[in-house]
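We just call them A, B, C and D in the order they show up, numbering each chain from 1.
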Amino acid sequence: MKPETYQLLKLTFGVIATVGLYTVLYKENKFYRFFEHVFLGLAAGWTLVAIWTETLYDSWWSKIMGSTGAANGYWAYALLLPIGLMGYFVFSKKHNWMSRIPIGIILGLWSGQQIQVWWKRYGPQLADSVKPIFPSTTSSFTVPGGSKPTPFEAAQVYPSQAICNLIFVITLLSVLSYFLFSFDLKNRFLKNSTTMGRWLLMVGFGAIFGSTVMMRFTLLIDRMYFIWIEWFMHGLLHKG
Amino acid sequence: MDPTNLSLAEKLQSLPKSALYIILFVATSIPLFFTIPIPNKESKASIDFYQEVQKVPEGSTVLIASDWTNATRGESAGEYKALLRILMRKKVKFAVYTTADPQAPQASKDVIRFINDERVAAKQKPYERWTDWVNVGYFPNGEGATNSIASNVRSAFADKKDFSPDGALHPVMESPVLKNIQKVEDFPALIIVTGSNTSNVAIERINSLPILLAVTGVMGPEMNVYYTSGQVKGLVTGLKGVYDIETLMQKDYPDQVNLDNGAKYYPTLHLALVVLIVTVIIGNLGMFLGRKRSEA
Amino acid sequence: MDLLAQVPPESFWSQASGSSGLYMHVAIALIVGIAVMFGLMNAPTRLRRPIVVGLTFISGLFYVLLYFWPAPIARTPGTLPVSTPDAVGFWLSDALTVVANFSSILSGFLLGLGIYSLVRIHGRKIAKQQKDWGFSAVLMASMVIMIVFGYGDWISKLGANGPKMDNQANWGFVNYARDFFFDGMLQQMDAAMFSVIAFYILSAAYRAFRIRSIEATILLATALIVMLSLMGAVEFGWANAIGQNPPHGFGENFTLTSIKTFIVDNVQNPSLRGIDFGIGIGALAMGLRLWLSLEKAGGTA
Amino acid sequence: MRHLANLRRALPALVLLLILGGCGVDPANPPAVGKQYVDTAWVGPFMTFLLVVFVLINISRAGRGKDLYIRRIAGLNAIDEAVGRATEMGRPVLMVPGLSDTVDAIAVQALNVFAYVTKLAAKFGNPILICCYNAAVYTVAQEITRDIYQSEGVPERYDQDSVRFISDRQFAFAAGVSGLIQREQAAATFFLGQFYAESLIFAETANAAGAIQVASSTQNTQTPFFIAACDYVLIGDEFYAASAYLNRQPVLVGSLVGQDWSKLLVIGLAIIGVLANSVQFRGGMVSEEKKNAVTHQPLAEPRPMGLGDTFVNQMLKPQAPKIKIDRPIDPDAPKKKDEG
């Protein structure tokens, strides 16, 4: 079979599969169900391939056997296999508790990391959030634009920046206060700040929505390009 | 309920889903067949990205993390193409690695092949594997790999191999691209093109050289945090970003192929967004009409 | 300790690859492991919880130590520690790359359970010829196909064959089949399913984006501004309308991009940060509870 | 609580460890250890340590039977209603514990909430469906579900196939689950945990099937879509508060209060930091600067003050001193990777 023919065949089936999945938009139907099951099957099969070729072969098997003649084999890795197998006791009425051993180890490793990464992740953000809210100069309301500001000008907080920083800080604090659960909101101030926190959250979410829409639409457009241009025009009609 | 005896307000509020879907389907198909020039105003983040890439000295080697696959082709491919075009025109070498997905290297290779064909067609010298670029490949454990790249890139890449012209595998570190690299700081920049959050992993662990990001639209807001805090020097977000870069390229390389995915998709995006906005407006209009009726 | 650190090549823990000693050790390890497994099977009930709790605690302890234990300063490869705490620090950082893989390996072994669940459900459907058993058959078939060609392709590319397989001319049937089913079908279906979301966004927005409450209005308004700022034409037109093309002076603050940037920098970033602080603390507390097994998974204690 | 007691005994050691490094390092004569305690880096471990203590203290407070208040969380009151409605319609309750790559706290937390849902469903004898993305999560879910049906005294209603592994490939999972939702005509759906792009696929399909939806994603980028498409949404941290809110276990409630203390700590730090910065950063020039954790003064010529010169920033952004330690060379050092 000529490469071009194979390519066209490959494209064609890709298109059919795509359309097949799209039909669910109208309603769940046999055509969709067929491709859904093909999809699930292929995915499951691929998982079984990848788990060995991508994960276990590199990080387990070749560690035991020693990847190439030079390296050494660390046989103790083999001990992980029985531990993993203990998970399979979950279906036994009597010994299902043993399935908690591998799970426990995985959970333990995960939990330990949480304690390790917390400050690494949020420390810098906190440091970046403590912005000066008093202007250091009133020579101009906004940052002097146009010509490049002198280092001295650059090192100033102009009233406009101060206001922005204030908004930033207020948002941060009111959002944080919204997530206080164990305080009875009798306190008027706290009540208001949580309400405001919720509204400011919505602003944030709205902005996310806007920019996410762009991506989702682009992916759809790309699919359409795949169908109409790459397959239909180039593939079938050999145009362009 | 029977649509015939619905008031206008109710009709406006209950358009059938299938109708909406068909409209969107058409709106995203038709414009693809035409090329419509769109005026553009580049965002500062994109301009910074472009200028940072332009700053890279000719003949040096940049490190590229190509962490995208077919799933986000729509945005990432455009970003990657534009990036490679600039690098190749500036004769900058590059080493590509990924921590995201075993399929990512393939996606990147396909794009490089595509652009090489384009260069051959334009009577330019194609970019040779091994001498002009190397494929470092896929690292399963992202965090660990990124850590070791940050602390000692030579040992991190030590057991990675790529094809030299003689068709055999050799350690990438022996390639002309990487042989002068001692530590990660020797790269003038790390450029991450990603469709997943591998960028956070890199930003958290690598801080000794300028990082440039080309991300998908959904990650834009998240990554913008790092851009404003200066941890990231330039940020290209989604299709708008791609179009920004392409228009910027038009100014510097007027006589070459610059407009690609960005220019192809951007008009369509406009129409799609208009459809979305209009439907939302219709819905609200219907609601207000309904209110009026109930008040009257 | 050498086991985890894997520093010196020759030790009780590591044998030359391919040596009979290695295979022997592996065999012994497996036998011991399985023996332990059977030992556990009739462990007395009161011991069970302590065993699980203990193992969880130990595996978590590693990272906690890694974080709190004073780490070696200015360490260079191929040097020895100067003090005992230093040595521990060395060992911890060496062991990290080894321990890092444990959870992925273990979950790798557990994958079989998931596949068992699939096969069980669909196998039964086929056997009993229940409703839609044909689809289950399709699922099974495509699974088998993927496994066969996936591994066939992988084996054909092992070792020395790798290089020439990079060139499509040398491909065999297996490689074509794998390429067809993986790149041609699976990947395309991924992208297709991903792009379906665009349709759902449209219907969701149409249904939900009504100016009912203050919150909905705020959400809608911000989303609108951002979307408009993403449309180059609109942006451009607006800039012309307010005489900001090219931008200059104070009016520049009213271009769509500026407004969007203002929202993103001064409201979105801090609000996301606020959420993240909360989520981070929540994860930390949850991690702590799990690490010390203060709550039983499922909260059914 | 026994483990807690043990931990309390271990605390002094930890404190000692912190103080040991906590005093920071003098670059003139550095010790060999304590990378994370050099300069002001000790702030990080110390903060983490404080948080841990806060949580543990409150857990033990709650354990001593002190009853602690939790505010109302709208999304969670909907659970009973949703399950009840599903029972009336005789249609299943469908739950998805998110797409975590392996079993982590997020998945476990989701399963904790689902445990509550399953209890209700078991009482009413309503069919349930738990769709898992990951085999390890599947294992946990399977076991929890069995436990619940036994503890509710209706083991005969427990069906192994009500907990299913669908696929661990994101969009195959999405296709499978939305197919299930429509075929089984789920009447109530719970999407709690880590959701990415597929969140909207689930939400819209469930909406089309006319199901009541309670949803929450720890991914901020997805929350707006759940807000748009679902009936009840838990935002951010509310997700972690859920299990405490539902079954008022002392441990959970206590730790929730501890989390609040931690948040107050962060808020306090932020306020103090902002004020301190604002007061100290008044522009102008500085005549001394701190580089690589060493203070140089006076400078050759004064330079304009930068944010990096303020006390708070130097506290929160530790600097790495240039330290050289001559360690003995390892005679039989193999050429091995240097893990960072």
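Definition applied: contacts are C-beta pairs under 8 Å (C-beta built on N, C-alpha and C of every residue); 3 or more make two chains touch, one makes a residue touch a chain.
Just so it is clear, the structure is predicted and the values come from calculations on it, not from any experiment.
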> Looking at CA centres, what chain is most distant from chain D?
Replying inline: B
> A-B versus C-D: which has more C-beta pairs touching?
Replying inline: C-D
> Between chain A and chain B, what's the gap in Å when you average each chain's C-alpha atoms?
Replying inline: 16
> Could you state the distance in Å from the CA-based centre of chain B to that of chain C?
Replying inline: 21
> What whole-Å value do you get for the distance between chain B and chain D if each is reduced to the mean of its CA atoms?
Replying inline: 30
> Where does chain D touch two or more other chains at once, residue-wise?
Replying inline: 45, 48, 51-52, 102-103, 105, 108, 136, 139-140, 143, 160, 168-169, 171-172, 175, 197, 220-221, 224-225, 227-228, 235-237, 241, 256, 259, 263, 266, 336-339
>> For chain B, give me the residues that contact two or more of the other chains.
In response: 17, 21, 24-25, 28, 71-74, 140-141, 144, 148, 152, 155, 218, 221-222, 225, 240, 269, 272-273, 276
>> By the touch rule stated above, which residues of chain C touch at least two different other chains?
In response: 9, 53, 57, 67, 77, 96-97, 101, 103-104, 106-107, 110-113, 115, 118, 183, 186, 188-191, 193-199, 201, 203, 205, 207, 209, 219-220, 223-224, 227, 230, 264-265, 268-269, 272-273, 275-278, 281, 283-284, 286-288, 290, 293, 297
> Touching chain D in the complex: which residues of chain C?
Replying inline: 7-9, 53, 57, 67-83, 85-86, 89, 93-94, 96-97, 103-104, 106-107, 110-115, 117-118, 120-121, 186, 189-190, 193-194, 196-197, 200-201, 203-205, 207-209, 219, 223, 272, 275-279, 281-290, 292-295, 297-301
> Where on chain B does chain C make contact in their complex?
Replying inline: 15, 17, 20-21, 24-25, 28, 38-41, 43-44, 69-74, 103, 106, 140-141, 143-144, 148, 152, 155, 163, 167-169, 221-222, 224-225, 228, 240, 243, 266, 269-270, 272-273, 275-277, 279-280, 282-284, 287
> Which residues of chain A touch chain C in their complex?
Replying inline: 3, 6, 9-11, 13-15, 17-18, 21-22, 24-25, 33-51, 53, 55-56, 59-60, 64-88, 90, 95, 97-98, 100-116, 118, 121-122, 125-126, 129, 142, 145, 164, 167-169, 171-176, 178-179, 197-211, 213-214, 216-217, 219-220, 222-223, 226
>> Quick check: in the complex, which residue numbers of chain C touch chain B?
In response: 77, 96-97, 100-101, 104, 162-164, 166, 183, 187-188, 190-191, 194-195, 198-199, 201-203, 205-207, 209-212, 220, 224, 227, 230-236, 239, 245, 255, 257, 261, 264-265, 268-269, 272-273
> For chain A, which residues are in contact with chain D within the complex?
Replying inline: 21, 24, 27-28, 32-33, 36, 39-40, 42-44, 46-47, 87, 90-91, 96, 99-100, 102-103, 106-107, 110-111, 114-115, 118-120, 123-124, 126-127, 129-134, 136-137, 151-152, 154-157, 169, 172-173, 176-177, 179-185, 201, 204-206, 208-209, 212, 216
